[in-house]
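Two complexes are shown next, each including chain A; its partner changes from chain B in the first to chain C in the second.
And then the complex of A and B:
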């Protein structure tokens, strides 16, 4: 039995990811919102902006929200005293391939109420844009830069939306997308040539270079004083 | 031959004048002494980027004790190092750094590529990873393993010492010396081999042959999106 399942899985792998219609969320029966106080409160407060909610991995509550109202919903979750999700654990994204929409994932934690909640906003591939949550949590700054670098999602209102891992002049696209070839788009020779032509200025902005220089000067001054 | 022209003044070295290219008792002994001192006092420059570096640290620590081979001094500056040990995977973002460190090391210098990732890219046959540091710098000894045990690293170093035994100085064998040690300006900061050779060496192998540059495992229809073609 197990062997048959394995062969089926192999065949499915060979056939590739099958495109699905790019509809909203529902993948299973909706979980009972009453199980999580925040989900119930979100349902009553925002109504249509809450598309679907489910429970995964036992007790992980996931709420699918409208991307246009994501900032508004997150602001309420942070500021409302009954919710007070004051800690943004992660902003990331998922691409399930097959032309399905990209999901932006917000993982929230309330330090005070010891409660966690995951929100997902689905963005169609033709309009990869969502509001930045940096105004709410400064932690989102680099997390959103990473999502932008790896998936190409634009964050409206982000103070400094640049690539964070790949070099600024990386020309092959956004690597974590399912349609990105495993080895990149250029030949290995071209990738090597580009990599060797990199200067330190390609990795850092002038402000960062100035800061590094200043700290180096300071260390030098200190060593002179102590020596 | 151009040998006469290239040799420095022979005054004071009468025994060198026994015909062109011939080795004499004095010059072979000179080679022997120089090579003996070099191979027994190698100062490694550790370039540890991953788990191989942990094994390298274990090799240098008391149990395996690299100092037995004249290597107790790890030089953390390339300018005071003879041996470049690349231990771990190297991403493309690190390639220019690696090349620059190599360029900063004075001759004579050697390079050990430690582990599967440094030697061939290992399991990381992906967009971000250098497929073997020999595409960037010349390598003397490749050590297999993932990661190699300390014995593996020490065996590689012993092999390198054997290799150094066969080297020559400019007085005895200029051609051999230049082949091993010459470093033209044009190679500084450049790849170690021509583009065609890099492409050939880094072709997918083994399991990964099933994946093409444009993978068959993902839907290719989405590739036509204009956003992917933008730089």
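And then the complex of A and C:
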């Protein structure tokens, strides 16, 4: 008992990548699409791409969509004058653990029509990729970076997809995944060693280092010309 | 930069914003270059780093700026220096144990975060809090809106160079600190809400203190307004600085006073009213230019509107219980837990096991002092969250900073960053 105690306490450390689960995340009973005008419109417009819709917490409408068509559906919801969801409140993800698919959650709000809608796209763990919505809303830029950082979901077409909370050279994975142990994957000693090994350049991203190098070259050339 | 051959480093003032002031303090007309400087130097870029330890970044924000002279070409914010992964920590705590994490995010308006989290969990669980609790929470939230706006005013004025305002607003904040202390026992880390109610009812005499505060704060506000509103330096540093149009502000997801300063009438208290906000008589405050000066005007007026709401809430504060009557959610009274078997069992269950939430989820957005604060809670039927997500208003407001400062001057970066009212505890979470 005693010798295997410590590593076992860090959940998921020994488990590694979890096997694919057959069951998806828990879903509620399907709701009547007529309760929310946008849900009804989505059902008629996109048909097969709308997998499920439900009502949670009394009055919050959730629509499950096909991830391949997420960008198309969101573009329509933003641009169609009868929907005009011009305000992207939130992009996040949910991991239920147990090898179940990750959910990408879009929370929309229409400032004109005062209407709220939540969209979810389920991504299997083997293919964590979805189209970025930065072309539609600039607000998605940092939100998607955070989802990438915390869950490891790739956003196709994102202009600047890199870690946002964790350092760029963080090698322990994606912290908010359920298979990520609370204290991180490395031992405290290894984490300290890596922190002490950080060079000044590690705190800058390649774009910044390029700009600094360019200005240095420029200054060097100037001084040669004048000297 | 001009190269120096001698070892001694000297400070050179390269550009001055005041066109009448020359390099040596002598009057000059138009733009002058320092002596010995090559006039063909423009176009040469320089990379500077502000922060993470810098008082004008309001926390541990780090900005890397690419400059051409004093003009900002590119601004790249780096965040995460205060990252504590509250969302992950929340998954290892019961629903009530998460509450102390919430006020450590926005320590400038802790009660709003306490209330928002409790509201989201209650909505998911289908709990309706008592009438008294609703009004008490409205009082808490409006009080902390004032609390946060006062801090913003003081520190922003310091960033711009006006020190007096800081003393005025912090003196008023001290009174709110005292009210926090007598209500919750703590000055910043309040942790005052519980699922289904509050940690404790209002202490005796607390409403009188609050009434006194509501009566006397307008005088201080007027004094601050006199100091700033028509101040030439304040106007020069703020007007037409950091402009963002209404369409851009919506596209970048700005919310709160920053969005309303651009003229978008989006206030969740009006658009998705919670806790009977529709029955209070108050106005949405709107700016029209979307610059730093309008953000100041909007916040100043919002304090006055909050005072109106506070007065009405004080007038209507009903008697009655503050917590709901459900022993599976709310701890029984201490005397009951000691004498009554049933209550002792409930006490044990609530403390050891926590409150059990049904399978479900809720994304609840409320109007915090900084914008739309979204709390997303997901439950799989246990006593701990599967996912707890905070849509932090400052996080998304800060993402628009590069858009506002690129093309403006270095000194404007400080003014714009200050005007956004960010708090890094909630950005990094």
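Methods note: the second predicted complex is superposed on the first by the 174 of 227 C-alpha atoms of A that agree within 3 Å, B and C clash if a C-alpha of one lies under 4 Å from a C-alpha of the other, contacts with A are read in each partner's own complex, and residues count from 1 in each chain.
Assume contacts are C-beta pairs under 8 Å (C-beta built on N, C-alpha and C of every residue); 3 or more make two chains touch, one makes a residue touch a chain.
All figures in this text were calculated on a predicted structure; none of them were measured in a lab.
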| request: Return first, second, both or neither, reflecting whether A:125 touches chain B, chain C, both chains, or no partner chain. | output: first
| query | Between chain B (first) and chain C (second), which does A:98 come into contact with in this model arrangement: first, second, both, or neither? | reply | first
| query | Is A:152 in contact with chain B, with chain C, with both, or with neither (first, second, both, neither)? | reply | first
| Which partner, once the models are overlaid, touches more of chain A's residues, chain C or chain B? | C
| said: Touch test for A:182: chain B only (first), chain C only (second), both, or neither? | reply: both
| query | Does the superposition put A:44 against chain B (first), chain C (second), both, or neither? | reply | neither
| message | On the A-aligned overlay, A:204 touches which partner chain: chain B = first, chain C = second, or both, or neither? | response | second
| said: Quick check on the superposed pair: does A:167 touch chain B, chain C, both, or neither? Answer first, second, both or neither. | reply: both
| message | Quick check on the output: what are the common chain A residues between the chain B footprint and the chain C footprint? | response | 97, 166-167, 175, 180, 182, 203
| remark: Seen from chain B, its contact residues with chain A in the complex are 92-93, 95-96, 99, 125-128, 130-131, 135-136, 189-191, 195-196, 198-199, 202, 204, 208, 211-223, 225, 227-228, 231
| field | chain A contact footprint on chain C (complex, rising order) | value | 1, 3, 38, 41, 44-47, 64, 66, 74, 76, 78-80, 83, 85, 87-89, 92, 123-124, 126, 248, 250-253, 264, 266, 271-272, 359-365, 372, 374, 376, 378, 380, 386-387, 389, 391, 395-396, 398-400, 403, 428-429
| field | Residue ranges of chain A in contact with chain C within the complex | value | 26, 28, 56-58, 60, 86-90, 92, 94-97, 105, 107, 109, 111, 114, 116, 118, 137-139, 141-143, 146, 150, 163-167, 175-176, 180, 182, 203-205, 207-208, 211-212, 214-215, 218-219, 222-223, 226-227
| chain A residues within the chain B interface of the complex | 13, 16-17, 19, 97-99, 125, 128, 152, 166-167, 169, 171-175, 177-185, 187-199, 203
